[in-house]
Structures are given as structure tokens and as C-alpha cells.
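Two complexes, one shared chain (chain A), two partners (chain B, chain C).
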Partner chain A sequence: MSSNRVVVIGGGPAGLEATALAARLGSEVTLVEKRPELGGTPIAENYAALTHGFQSAEDLVGRLIADATGSPAVEVRTGAEVTAVSGAGGDFAVSVSSGGDEDQVAAGAIVLATGFQHFDPGRETQQYGYYEFPDVIALQDAEAMLKAESFVTPSTGRPPERVAFIQCVGSRDRQIGNEYCSKVCCGISSKQAIEVRQQVPDARVFIFYIDMRMYGYWENEIYWPAQEQHRVNYVKGIVTEILAKNGRLLIRGEDTTMGRPMEVPMDVVVLAVGMEPSQGTRTMADLLGLATNKYGFVETVHDTLDTVTTNVPGVFVCGSVTGPCDLDDAISSAGAAGAKAVAFLRAGAGVPA
Partner chain B sequence: MTRGVNPKVEPGRVMELEHAVIDEMDISGHWNRMFEQRVIFDYDVEKLDDVTVLDGGESMGWCYQCAQCVPVCPVDHVGSYGPRKIYRNLQLGIDLFTHDDLWLCTTCANCLRVCPKEVDMLQIMPAVRTEAVLNGNVPAELQDVFEKTARYGNPLGKNPKRRAAWTRGLDVEVPLISELGRKVDVLWWVSDYPSYHPRGIDASRALARVLTYLGVDFAILGAEEHHDGDSMLRAGEAGLFEMLAEHNIAALDQYEFDVLLTTDPHAYNAFLHEYPARGGTYDVAHYTQFLAERIEALGLTEEIGRTITFHDPCYLGRHNGEYDAPRDLIGALPGAELVEMWRSRENGYCCGGGGGGMWLDGLAADNQSMRLSEKRVLEAVETGADTLCVVCPYEVSRFEDAVKSTNNDGNLAVLDIAELLAMALGLATD
Partner chain C sequence: MSSNRVVVIGGGPAGLEATALAARLGSEVTLVEKRPELGGTPIAENYAALTHGFQSAEDLVGRLIADATGSPAVEVRTGAEVTAVSGAGGDFAVSVSSGGDEDQVAAGAIVLATGFQHFDPGRETQQYGYYEFPDVIALQDAEAMLKAESFVTPSTGRPPERVAFIQCVGSRDRQIGNEYCSKVCCGISSKQAIEVRQQVPDARVFIFYIDMRMYGYWENEIYWPAQEQHRVNYVKGIVTEILAKNGRLLIRGEDTTMGRPMEVPMDVVVLAVGMEPSQGTRTMADLLGLATNKYGFVETVHDTLDTVTTNVPGVFVCGSVTGPCDLDDAISSAGAAGAKAVAFLRAGAGVPA
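On to the complex of A and B.
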């Protein structure tokens, strides 16, 4: 027998959009979220303003939550985890564990939206002292301070005079194993650099980069204003190491367009950490038998023509489950995944998709 | 500013090893002297802010280091220069207001042509120079020209009363408009070098003959004409420019004429873009434009038997978009073949005279491996041409000097288009 239910795993922006779309198209949806609250990483990691358009993450994710949960066809299970899946496309039995209880949900299709996690800048080959120096922070740490409108040097609690962003931390690195570009960090760093300049106008802000990858409108909406209006200083050449000297951080690298070494003091260094598949993505991909690439992201049946259908019939993926992406792209792929999941149900029920 | 000592080398940055042997070669002492601290210890971006805060200086902060400007910067071919590098130096805390780099830009506009960010050195350089001038940080040789121009109305420091002396003994009449006492069709703005410099005078006399041959009703201002001021403005003497413009507009206001005919592309530029906002609006034409419209009437007949290459003046070409009029005239010369240099038209290489460069030969020598005019003459010789045709009065003297200094005396003649036209008309020469 076939079910008219879609199980969406992951209650972040992508999962919320997939849920809303599948419900709007007439399916019943069970949305399973491991965290006690919906909203995913943007909420859990204190995102303040989103890179595209500087809109409030809370407001936008709140709209997604309202859309997804407003329908009577949607059942939300927070603080719940998928522990097993049996059956096949059209007739899955999804075991959901919540607060020690476990039950089975019958579903015709599954959408996986378990997302990414920030690269841990303390691991492996990084020489940036993330766990050693309190004033070396990551993008999400900076984001939390910006959200509280209190961007300070963590060790002193005072506003910093000099702030450096270091790009490509945990991305584009063969030794770490993440050879891909994480797509969003150049934009987020530039966005945060603007916000630091707005909140701490006397601070000098620098961005050290290998290549600035400000694709599409991020170029004119973020990169150019950051430099032209907010006087953020971009220096080509990322930092090799961070040392402590005279109570200050000393960043050492090469200023490549000058062809000269640099040793420059900073108060706060923000590491532009990249994206990795979340633990949830790894666990679910394994549990569902999904093909993954060497980085642990899920592969789809075609990397250009079908970015949401997996090798397992009836299982669809969206958002950063398949690789680094920004929110605009996550929402787009989530809509596609929700629609294709419903199409799959109808085809199974003999209804033309 | 102290001249003779390169001011961009701070004493603390001169490094010299007493004993040094590299690859078995003894380079002890001054042979291993380095003038730059290798390690960058700070980014003092206040120096960049000092520029971007100026009216006109804003776009200095827009550079994203694509470096497209550098290959087309004429100065970079004879030294290390270019807007990209100036931006980086500012980020590194170099004070552009007291640095030689401030005076090397010739405002040739080739960087702006290729800049995706529209970093506009044509605004930036005059803005920063104006500040430097106000603070007295001007190369002495340029300051001398500012003073001469203020005092005599021409950068050569010549007697202003003798501005029309070049017309004496000429076989055609060049009337002063003040003496005609009537409206003329064409008021000829002769400019400084065509009035005073011996080779400029040759071209003026040729042009006077050509205009007379055409039956043009023309006159000149004589002593009432002062330097147009355009290059002073680019060089940072905004006050001097205002003074000159005010004088010239008042002088022109006294007379009636249809066309203001300019010999100098810099004057042409000023009349087109600077004077109107100050109350001086004219129907202005460069002499090549005026003559190119009258090629049929000229009826050139004399074979001149020359292979000619043409140098585009920055302020006629890139600044004002006129590339064809001079070429039309060269094309009409009987027995002349035009061969283009590899950098021409929109990408023409600067002679080095613009933006104050005309009067900064010493500074250029301190900072460049050769003059831009020498670089250009070598390109002209490379074409196989026997004649370098010019249509800007800054150029005859610059290029003739460069012909000599590059040992090309006899290989390349530098002639104004007016001189070539006079030859093709079989008119008298001096």
C-alpha cells in the first residue's frame, strides 16, 4: 500500500520549505527535528543578519516556521530523531524516537534536510590557535556578538581597534580533506566586516583572502559596499599562523600583491570557517543507504539536471545536505525536493504526477 | 620637499650588509643596499582615508587589485607604477601627499579606460595634488612653472607682450582681433608653445599659411591670451587655473567670433569641459577637426613622399574621442603612407607631457628608466616611418629631444600636421 505522507528530516530552512511545499501540494507531512526547536543552524548558531540583504535571520526563519507549521496536514516532531527506516519508496516505515519513546511513521517519500555544520577550526592542520587564544574566534562567534550588538575583544571586553578576517579556514584544503569551496564564507565575512564597522566605527577591519568569491549579486551588494563605503581593507594572501606577541595577536603571512612578508598585530581574528556535512547528514545518509561523495555530502542522480533525487527511490535531499550552499539556494532546492517527493507519491498511487 | 634625495626611502629603511658574498660574488657594502624593509609590520590605512576623504579622491578606495590598469599605464613601462600599486602603497601607509608617485601620473586616462571599478585617477590626482600644493609639497621645477605662469601668463616665463611676435615677417597676415575691431569667423587660440617655442612657431606659421590659403576669416588674441590653465588644474594648481580662466573668459567676452579654434588639445579640453561652468561657452574646434572638414577645399597636390606614423594626443583622443580628424588629414596628403604604432587610438601611449609632466623632467628622470617621449619615439622608429606626425604643441619639442637622446637623429622627423599640409600645398616655409 502507498502512503500520502512525506517525512521531512531536519527542521532548518530547507526542511521547513520542503514541508510547506509538500503540504501545499496536498500531502501529509511529518517534520522530524532533533533539536528542541525548529529553525536549524541559523537559529541555533545565533545568525543575526543574513548575508543576502542583511535581513533578520529570526524574522525570515520565523516566516518559514509559520508557513510550515500553519497547515493542519503538518505534524511537527521536535526533540525527535529518526532511528531506522525500513520498506521501500512508496511504503517506508520510519522509526522516530522521542524522549525515550519510539514509534513508526508510514511514509511514501522522505526528504532529507539535515544540513551542515561549521568546520571546527581547532582541528587538524590549522595554525590559528582557535582553542588557545580567546581573541581568535569563528564566524558564528562573531555572529553571536553582532547579534547582541556587542562586538568586543573577548579577552578584554573592550571594542577592538583592529579586526582581521581570515578566509578559507577548513575549505579548499587537501590536507584537511575539504577540497571544495564553502561558497558562503567570503560573503559572510564581508557582511560581518560591514557590521563591525557599523558597530565599532573606529575599528580597522581587514580581510585576508586567497580569492574573493563573491558570486552573483554578492559582488555589488556586499563586496563593493564593504570596500567602497565601509572602507574594509582587502589584502590578498591568507595568514599562515597566529602568534601571541606583547599581549596582542600577531598574524603572519605574505602580502602577495606586494610580494612581501607581513607581521601585523590584531585585536580580534575571525576565522571564516567553511561548511561540512552535519553529523545528522552523515548518520541519515548511512541509515538510508544514500550515495555520498568523499567529503560526506550526499550525491544526487545528476549534479546539474536533478539536484534533489538520490539513488534510493523515494528519498530526496535538499539544502546543504548535498554540499555547501547559501540560504537562497537551500530554499530553491527544498522547494524542488518537496515537489518531487509529492510527485513520487502520486506516481506510486497511480495519479499522474 | 627635499629634492635630490628620493623621499620615498625612509632613512630607517636603508639596509646594507657590511660583508655579503652570494654565489661567490662579493657584494659587501653598498652593493647589497636595500631600500625597503621587507616585512610589512603594519597597515596604516589612515593614509588611504586621507585620499578618499577628498572631493574627487573617493574612488581611490575602490581598487580591487585586478591590475588591468598597470599594463596600460605609460609610467609602468619605465618604472614601477600604476593605480593598483598606488592603492596598495596607500594601504601600507605611504603618504601620497609627499611622495614622488603623486607627480608621475600624466593623467593620460588609459587606466580609467580599462578600470572595471572606475577608479578615476583624473579626479584623484588633481585632488591630492591640490592638497599638496596648498601645503607647499610641490617639486621645485613645477613650482617654478606655476610661478612663471602666474606672473607671465605662460609656463615658459616669456614676455607676455611678445606673445604675437611669431607673426612678424610672416608672408601672410595674422591680425589681432583687438585691432580688427569687428567680428571674425574664427578666433584662433594659439597657446603658449606655438607662440614662443621655435618649433611650435614653425607649426603656427604653417597653420597661418594654411588658414590663409583656405581664405578663412581669422584673428588671434595676442597678448590678451593667457595660458588656458588645463594642465595647471591637472597638476594641482586649482587657484591658478581659476585665475587664468577668469582672465581668458573676460578677454574672450570682448570679441565676437563664431568658432574658437585651438591648436592645443589641452586648451580644447579646458574650453569644452572646464570653462562652460565658469561662464565661458564657445563653439570650440581643434585645428585638425576644422581642417579635416575642409580637405576638399584644401585640394592638396604636392607629393610629399613620406612614411608617416601618428601619435594620438591623450587630450584629443582618450579624453575627447577624436581619433579620425588627424588621420583623415594624413590620408589626404599626396604620396604619404600612414603606418600605425602598435599602441594607437584608444590605447595610444602618452608622450609624458600631460598632467604637469611637461614640467617635471627632473622628477621623471629620478624615477624612470627613460622618458615616456623616448619610449614613444622608439615605437615610432620601429614602424619604419620616417616622420612622426603630431597635433599637440607639447609634443614637437618633447619628441625632437627624444629623437636626439635615443640616437635617432636623421631617422625620424617630427612634424606638426600643419607643417605637412603646408608642404602638400607647396606653401612657403621659413
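On to the complex of A and C.
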């Protein structure tokens, strides 16, 4: 008994894109989102402008929401969680719990788009004082202030004179256990640095980095303008400690290009936190029996170039479920995952390839 | 008069993936490839192992070829070129020329997957002597030697003692006009450096770089092992000149971490050349009326997060047609493009979304 329905789990950008495309390809879709509203991390965490030409996250993600929810073939369940999955590819029974009620959705295929969570910079990075100093914040905190067009020193409410970004917090770090690079933090920090300079023109902005991973067009669209037009100061260096001194922050470390120790006062320090699998990704991977890597991200099938197919027939993944990814990665892999779910249903229904 | 056929132009990894998925979703597909065989640049340029777990390019691309050509819905035309396109989305007439014969293929949608070409390192980079010194080679030359398991100093045929990779040749370079980062050269150089160390264990290998852009899992899967297990030497530095001296190469530049000039003898210098749009991409973009950026890569629609939809209704793009991309990017965007082409046909045929 095969079903023409795809259940998409996760209503962020990837889940929305997979939903919209699967519906356009002729499938019924049930989109299950734990939060009360769609949009995923960019909406829940108040992202301001995206690295895509500094366009509004609300506008661009809003378009994805409109596309996904505009189809009569799509049933949206917000504030709902998948609690169990039985059956197999072609004939899954997906238990969805919402407000105390639970029912079962019959589905032929599942797309998992449960995404990432920001690395908690208080965990194992005590030298940065994230929970100790109000003026040590993380990328998502800076993003929310930038969205409100009110980038201030949190402890004083006044515009900062000196702002530092520290890269690779919770990434490229063996001690923390996250050896991978989180891919987007360099781009997002640089974007935010430009926005800080625009909102607080008198502020000096520094980015302390190991390598600036401004791949592809981020190089010419963000990195060069940050330096040339917005005078963001990039310092190849390692920050080992943040202290409070005379009502300000003091960052200590080494400027590796100059080959000398540094000790610099700052008003605001932004920790460029990396990506880890979200709790939803961990829970669903476990529940679905998906192979994961040592970091908890889901692995796709080996010995192929496929980016969305898992070890469980009928279950496809996209976005940051498989590891750190940018929005282009998320949207591309979501399209591929939604389409492969539909192709899987067609094959199961005996439609010739 | 709408057609259920998709014409895919370009038979590399992206075109193959788009073809296979569009066929599985129920469309007829004509795959047009200029070269006599399928597989694109990885096959034509003799790629050895891919950055995907050092798996064989021939094996992995071979699987894509088998998937694409295994469907009765797919017609493959190798040694063939698209010479003209008339009509509009839903009803294109695509002129295909092959061996002097030309015919027209009716298609509802087109997927462009004509890819990139390696930057020609002789062009405007005279200081590197690519056409002057036989032992100055490019990534694809090194790749072919590694595939033959015969990595030697070209001028002597003997195993090299010292090998240098120079990053960002034809990328991140305003004078050359390629301001963008080519995204994959750091990863491929590091992979090759490991392979050189494996094939020529006595060789010392150096990588001269600005930033090592080992994003995502390349960090832990390639960059760390290169340093820790394979003892590749990474030098943050700029090479300004390559000379011949005493039958060897001499590279001159600046070690920016040490802050001092350097002058080092080498047996082989590998130029990590970047990506530019292929001639096929330029020609087809022009012929189809696609919007391009200043580098000649095709632009996707603005004001959305979409990665594959162009300004011409019914024409979709994937892989490196839009800019530098890695194989994950290519396969994901190809899946999305193939699927969006099929969705476009369905919508045109009056199938409700």
C-alpha cells in the first residue's frame, strides 16, 4: 500500500523549499514544524540581512513560506513534532503529536530538514566569558541588534567605539570535538562587520581570524568591500583570553602576521559561533535509524556523489542536517531532496523511470 | 503545443545528475554533449581521486553516467552541439548539430550544465613561467600524473625532491579581473599534496597560500591529515616570481607569517588555477539570452534564494555555470535544476501544482 505523500520534517528554508518543489512535482506533502511558526532559524533567531546581497531574511524566507503554503497539496502542521515512525520506504506511518493530540500520517517518503543549532559559546570556551560578560555576545545576538537597527554595547546601551569579531568559536577545535569548519561564520561576521560600520560609523571594527573562508563570490561581494569601502580591520591572530578592565573588555592573544602578542580594549566582542546538529536532527536521526558521523550530523550514502540520499530507503536529507552549509547549499540540496522523494514514490508506485 | 521533453546541455557530473533525475520524474530527456564521451571535465581532464574520500573519479562519475544513460526515457547525443534555440519556455525548438547533420528537438524546458574551464595560467601571469618552464604545471597536469601514478619532475622524468603548490592563480586577483575565489583549489591542492607524499614519500611538499579555504568537512577530512599524517608544509605567503637556476626552479616571494622574503628551490611547481566559465557556458548564455555577471557566469533570478532559475522562463542552470562550485554544489544544484525543469513542464501542461 504505497502513499503519494511526502512528510517533510522541519519548516526552515530547506524544508520549505523541499515542500514547495515536491508539491509542484505532484505529491501531497505534510510539513511538520516544531515551532509555532515557519521560517526556521533565520526567522526564530531574528536574522536581519542575509549574505545574499544584504537582502532581508524576512522577505526572502517569506517568499519560501508563501511558495510552500500556497499549494492545496500542502498540509502544514506547526507546533507539531514527529514522535515515531514505523513501516518502511513507500509505506511509512509517521506519528505526529500536536497540542497533546497524536495522529498518524501515511507517507511514502520522508525529507528531513531539521537543521542546525548555534554552538553554545559558554560550553568549554570559558576564556571568552560569554556567560560572565554582557558585552561578549554571539553572532545571533549581534544579528538581532542589527535587525533592530540598534547595535549597542549591551552593558551601557551606548554605541560601541570598538567591536571585535572572534572567528572559529566552536569550530576547527579538537578540544571541543568540532574539528570541522562551520563554513558560514566568516561570511556572516564580515557581513555584520559591514552593517556595524553602517549603523555606527564611528566604531572601529576588527575581525580576528585564522583563515578568512570567503569562498566563491563572498570574496568580491563581501570581503573586498568590507576592507576597501567599510574599513573593517582583519587581523590574522588568535585570541586566547577576554578580561574585564576599567569597565571595558580586554582581549589578549597573538597577532600571527605581526608575530607579536596583543592586548586590545574592546566595547563589544562578537563570538563567531559555529554550527552543530540541532536537537531535532539528533532526535530524528536516532528515531529514523540514520547513519551519523561523529559530530551527530547525518551521513549520506557512500561511494556515490549523492548529497541527499540516506542509508534508509525513502528517507532523504537536506540543508544543515548533513553538516555546516550556507543558504545556497540548503536551497539546492532541498530541491534535490524533495525531488528524489517524489522520484522514490513514483518508482514504488510502479511508474517506469 | 507543449512538450514533455527536457534538453540538458552538457554531459558532466551536473548534466548527468539533472538528466537522471528528470527522467525518474517522468520526463523525456535529450542530453547533448559536445565531447565524444560523457563525464565532463573530471573524465576529459583525467581526474584521479576526488575530494570525496579520495574515491576514484572514474568510478563515481561512471555511476552518474550509468544512471543517466540507463533510462529508456533518455536520448544521449555525444559529439553534438546546440547551435540555435527558438521558441519559448514550454515550446522550445533546439537545433542540435552532429557530424554535419542538424535537426531540431522539441523541448519544454532546458537545463544548462556547460560548466567551467580551468584558468589559463599563461595568461597575464608571466611571472609564473607556465609556458616557459616544463616543471611549472597546473592542477589538472598534476592530476593526470597522479592518476597515472607517475608523479615526476617533467623535465627529468625523475621523482621530485621538492614540490610547491601556489594558490589563487587566476582567482582573488583584480588585475586579472577574477576577483572571486574559485572555492575548490585549496581542497584540490591539499588532496594532491597528500597524494604526492604517498606516491613520492621522500618529497617535501609546500603549499603557499593566502587563506586556506578548507570549509566544512574538508578541514577535518583533508586539511588536518595533510598536516599531521602527511607532513605537508603550509606557508602563508605570496609568490611573486619563478626563475630557473642551476637546472631547478627558484621561487621568490614573501613569507607573510614570518614577515620575511623567501627564495626557495623547487623541482615542481603546481599552479592552483581557478575556474572560469567554459566557452560552452559563454556561448549558450549568449544564445539563450541569459543574464550573466561581469565574469561571464550565468546569474540566477534576484530577490529569491533560488539557485537554478534564470531570467528566461523554462531555462534552468546548475553546476559551475553560475560560478565556482565543488562537486556537492554541482550535484545538489543539478538535482534541483532537473526537478524544476520537470515542474515547469507540469505547470505548462496544466497540471495543478
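By our rule, the second predicted complex is superposed on the first by the 347 of 353 C-alpha atoms of A that agree within 3 Å, B and C clash if a C-alpha of one lies under 4 Å from a C-alpha of the other, contacts with A are read in each partner's own complex, and residues count from 1 in each chain.
As a working rule, a contact is a pair of C-beta atoms (placed from the backbone, for glycine too) under 8 Å apart; a residue touches a chain by one contact, two chains touch by 3 or more.
Model, not experiment: these values are computed from the prediction.
Peer 1: Taking the superposition as given, does A:S333 touch the first partner, chain B, the second, chain C, both, or neither?
Peer 2: So A:S333 only meets chain C here.
Peer 1: When the two structures are laid over each other on chain A, which of chain B and chain C touches more residues of chain A?
Peer 2: More residues of chain A are touched by C.
Peer 1: Would you check which partner chain A:A144 touches, where first means chain B only, second means chain C only, and both and neither mean what they say?
Peer 2: The answer is neither, since A:A144 touches no partner chain.
Peer 1: After the superposition on A, what does A:A106 contact: first (chain B), second (chain C), both or neither?
Peer 2: neither
Peer 1: So, does A:R231 touch the first partner chain B, the second partner chain C, both, or neither?
Peer 2: first
Peer 1: Could you look at A:R204 and tell me whether it touches chain B, chain C, both or neither (first, second, both, neither)?
Peer 2: first
Peer 1: Under the stated touch criterion, which partner chain does A:V264 make contact with: chain B (first), chain C (second), both, or neither?
Peer 2: first
Peer 1: With the two structures laid over each other on chain A, which partner does A:D255 touch: chain B (first), chain C (second), both, or neither?
Peer 2: So A:D255 only meets chain B here.
Peer 1: Go through the superposed model and pick first if A:V342 touches only chain B, second if only chain C, both, or neither.
Peer 2: In the superposition, A:V342 contacts chain C only.
Peer 1: Which positions of chain A sit in both the chain B and the chain C interface?
Peer 2: Shared contact residues on chain A (touching chain B in one complex, chain C in the other): 212, 224, 236, 257-258.
Peer 1: Using the touch definition up top, name the residues of chain B that touch chain A in the complex.
Peer 2: Listed in rising order, the residues of chain B that touch chain A are 36, 38-43, 45, 48-49, 52, 58, 61-62, 64-65, 84, 88, 91-92, 117.
Peer 1: Write out the stretch or stretches of chain A touching chain B in their complex.
Peer 2: Checking each residue of chain A against chain B gives 204, 206, 212, 223-224, 227-228, 231, 233-236, 255, 257-258, 260-265.
Peer 1: Enumerate the contact residues on chain C facing chain A in the complex.
Peer 2: 13, 17, 21, 23-26, 50, 52-53, 55, 59-61, 63-64, 71-73, 171-172, 179-183, 211-220, 224, 236, 256-259, 302-308, 323-325, 327-329, 331-340, 342-343, 346-347, 351-353
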